[in-house]
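To keep things simple, chains are lettered A, B, C and D as they appear, and every chain counts its residues starting from 1.
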């Protein structure tokens, strides 16, 4: 049952990812991308990471994609009008394929380490994913976390300045 | 007090910080603050001068850890001796003058210009005081950038070409130097040297082949900066296009980097190779003297003429340095200062008339003496200083150089170089005559105003120094001589070690050969590329007393 | 949970599709979306490994990646707007001033 | 008094500083001229004091060295700012300050009303200071300061009328020619210093120390090289062949300058220098011969040119060159004190002649100016019959002319005759002596001829001046004529100081005075002198008579051509046009130099700049740059500027590299 569900989700995710790449209208691409993000969120739930799933939906599907769709609408971009370069698609596909081959080969050939970490599925269920992530984040990763906030601040300032009419 | 050297060096940087807080429209404030900073720097550098003891040691040293990256250990290692002392003072002395000369000449982007000037000052001072090879390299490059911008932004018509030419020429040299520097460091590591400290490397015994290659790399970098004969063509372009202050600093200080590099680095680090190449370098220097003089003679642009005269003067300096005796090197060092003063003053003078007439073509002038008597007087004094008239500074340096070179193995070179004295009189007087004498027939020249108070104030210190050094060079020579004697000893000990095999073919019947101080006879008998040079230093070599110290 | 490998395969597929998208598309925003796709593929790998190894560090990393992605989106989109204002187009073929 | 020798150059320096810095503000000519004259006169007084003290000392104690302050000390090299007082330098300072004072006084009158009056006096004082440094310097370097300093002042004063192009050119020419000489001086100095230092460890440029070590110097060899170099220096400064062409041009300067610098003092510096280092020069027989030959040749050569010039000052200029030739002839035949003696008498009569010509020009200029005539005030063809209008000038001028022509009883006779006799009888040059004497005698004839030609054309005959201007001609004021009278007196009687022994009336004071200086030289000379037959007194008398006869012949010819039969010169020109043209154009030496040196130098410089610098060096540099640009022109197509191309290559790179590491 779970396997079937996984397969269905995988199918949807991959198809919508392909749509992101192939759709001529950017809006369609964006909507397909949102679909992919939802699929990923589902994966996160299946991987016992409900907090990540929630963040995925809120940040990606919610914030980022809304921003993108908004931009597309704002700029009034319609169909990708420029003609396609077929040879480019072929070459790109070959590269993409070999990327995949590389990755897959690594996956199948490499030996995966034995699970060592303290966080088992039961423990997560018992304590709660959000709490565990929170503890981790505010203890071991406090400095990076704070730096992230500065990064965001810089990004906000940068975005404001860049988007002004006159630079 | 102990950090006064660092203070001098980094005061201009503090000045830059101060400038950042001044709005860029208040040009007067910017100029005055910059002037103030440079004057304070000069005053602080006077503390160094008064506290300097006349001995051969490095003084005011500071040595603290700086960068340690794996095997590369660089230290903030600074100090001065008699050789660098006067160059530091010259730099701090020239800077206020250069700043003062920009008051009316530069009216655009004043803030940036002033920042460039101050950065340049730090770079130059840093290069003179570094005792760590890597630190030296850093400062060496730091100088390059503000100068590039000064030529490229505030320059004349052809400024981009000149700026890029200047930059690339210098860069090529300094990259070679960097490679050599790193190679030298690895050689040093094999011998147990742990950081880039210059003094460590003096005791390093390198074999001849290594010395040759490293010397060539260093010499090439410095030769471009000097500039020596075939590598000089960037100079006229850079000088012509640079704004007045830029030309002044370029002539007065930046060119000295090259000659200073020889004295401080290339020669003491690789003494055997330096001796081997002395005839070659002397040849280039002498060609430079004659060549630049001949070319200067036919220039139509006053500034270009002065630039070529720089090439000739620095040819003298190189000749003196490669005489490898106290007189020659003292003369060379003194001539560096003199050239800084005289040529700096000449560029200021060209700047004055350029500001008034916006042309530098000699044919546009004539008869200015009538209209500008003060200017004429100062121009004349500076001209004669540049020509090397006795009583002015130029003579003392030139004379000692020629005397020293004549005593050394470079006798024939000296004779040719001395004829440069005639040519320098020809081209300087000719330009003086064409600009200042004759009928005042160009109507545009008839309304020229004489120098104002600011301009006179710029020139007076230079004129005073011209006569002071010319008539009483003793304080200058006394401070630099111990360090120079040490350098001469370094070179000669090495050369005597290198030819420890007794030289049987000393010509007999040369009277008084026995009393001849060591070092001299050997050098004279030793043709360039003598096989004996390649004999590794022998432990049997008897300790040699340096002739100059023995006296 | 499913086998670790299946997640990784999915992630690899998504990453490859994202690569192809970046290489073929000309619309800057779509390219940008493909980059997001690649980032997400990596995120999936992180979470899968984290889960498998019983170590939450991977998931914390995903969190950071999302932050970076958000910042990137903000700045990137602002850039596109500025670009669009100048060129009246969002096509990367029009951004060729870096030529020689 | 000796201790105060430093005051001698100091006074003119003070005068220079006062006039140079504040002269423009003072404006009052009397004060400016007064300060200038006073300062040099004070020096003269100090010099007199020194002379008096020295006379009181026994001859062997007459050497004193005063170190004022240390100057250049470096390594072995040591040169102090130091002054040497000995009989030779005392003679020189007496001449310089004495004649200098008179000329300063004269200048107050002559330069009256000139623009830049203060400048003139400042330069004149500076010149006196330099000249005094030159003669007082106790080492070659201090001498060299003076040596170049007088060159500088000469430059400044020749270029005094700087708005005239010819003045500027002349000034530059003088300086550059002097510089060529300086080149020789420096090389000579280096050679001597290096040889003594490296062979005997005596590193010195001090005259007295060199003198003490002079026994170590070899005869000939390196000394010949060094002395020839020094002699090159002397030819530059003293306008001898080949570097004499600047002196006639130098007449562009104001007349007092010509008198002071280009007649009495500066140009004699070369002679003084040889005298100062006679103990070195005498060690090289070859150099002595060169000096003698050059001196004799210059004496004759310049005299020939002098015969055809029409500009009153140019005649005197060539006469100066010729007389300097005599002095060198004296030096070259080892008659050092005779040379110095001629230097002194020449200073008297030539200064008087120049000042007299100045007085004439002054008056002519004034008169021509009144009638707005543009005739040349210096051209003798416009003069004539001036003796009535300017009696004092005429008499002093005539006395000096007689003196220079070598008429017995006047100063020039004693000195010139001594030189001629020495050139005939000296033991150094063997058979060459007769040639030297012949040249000298021929030059004496020409000298008498052209000097009397000058006098006749200027003061005798009918007045050729613009008729309107004639009535404005008048004698110059006292301030001008007093120096003339003093110098005229000296020109007449100064010679009795050095009366030849032969005449026996007076002991030869001058020679005795200089004996301690030249004793050593004579000693060195005697080692290679060829003592032939002792020449009899009769021969000496005979030669003396012959030279007087020659002079009188010269005067006679001049009288015939320019007083009795004034058409003769025109006929002569018509008969030998080529000869006259050549002489008139100074044998085309200037043109030859232009053709040989000046133009090639300029062309070569132009070639180096345009051909080598721009074409080759910059060509190589730009060529390298262009090659790099060419290659990058090919490679730049890789940089399409399209993001996807970069992304493509990046992805390809990643894939390939990953693949390599995974599958290897």
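Keep this in mind: a contact is a pair of C-beta atoms (placed from the backbone, for glycine too) under 8 Å apart; a residue touches a chain by one contact, two chains touch by 3 or more.
For clarity, every value in this text was computed on a predicted model and none was experimentally measured.
The most central chain, judged by C-alpha centres against the centre of all protein C-alpha atoms, is B.
By C-beta pair count, the most extensively touching chains are A-C. A straight line joining the Cα centres of subunit B and subunit C is 57 Å long. Rounded to whole angstrom units, the spacing between the C-alpha centres of subunit A and subunit B is 62. Separation between the centroids of subunit A and subunit C, computed from CA atoms only, is 7 Å. Averaged C-alpha coordinates give centres for subunit C and subunit D that are 91 Å from one another.
Touching two or more other chains at once are residues 19, 23-24, 26, 93 of subunit C. Within subunit A, residues 88, 91-92, 95, 99 each touch two or more of the remaining chains. Chain contacts: subunit D has residues 644, 648, 651 touching two or more partner chains.
All chain pairs that count as touching, in label order, are A-C, A-D, B-D, C-D. Against subunit D, the residues of subunit B that register as touching in their complex are 165, 168-169, 230, 232-233, 236, 291, 294-299, 325-327, 330-331, 367, 369-370, 373, 384, 389-391, 395-396, 399-400, 402-404, 406-407, 411, 414-415, 418-419, 421-422, 425-426, 429-430, 433, 436-440, 471-474, 477, 481, 510-512, 515-517, 520, 548, 551.
Against subunit B, in their complex, subunit D makes its touches with residues 24, 69-77, 81, 141, 144-145, 147-149, 152, 155, 159, 162-165, 167-169, 171-172, 175-176, 179-180, 182-183, 186-187, 190-191, 193-194, 197-201, 601-602, 604-606, 608-609, 612-613, 617-618, 621, 625. Touching subunit D in their complex are the following residues of subunit C: 19, 22-24, 26, 31, 92-93, 95-100. In the complex of the two chains, the subunit A residues touching subunit D come out as 88, 91-92, 95, 98-99, 101-102, 105-106.
Chain contact summary for the complex, subunit A toward subunit C: residues 2-3, 6, 10, 13-14, 17-18, 20-21, 26, 29-30, 33, 36-37, 40, 43-44, 46-49, 51-52, 55-56, 59-60, 63-64, 67-68, 71-72, 74-75, 77, 80, 82, 84, 88-89, 91-93, 95-97, 99-100, 103-104, 107-108, 112-113, 115-121, 132-133, 136-137, 140-141, 144, 148, 151-152, 154-156, 158-163, 165, 167.
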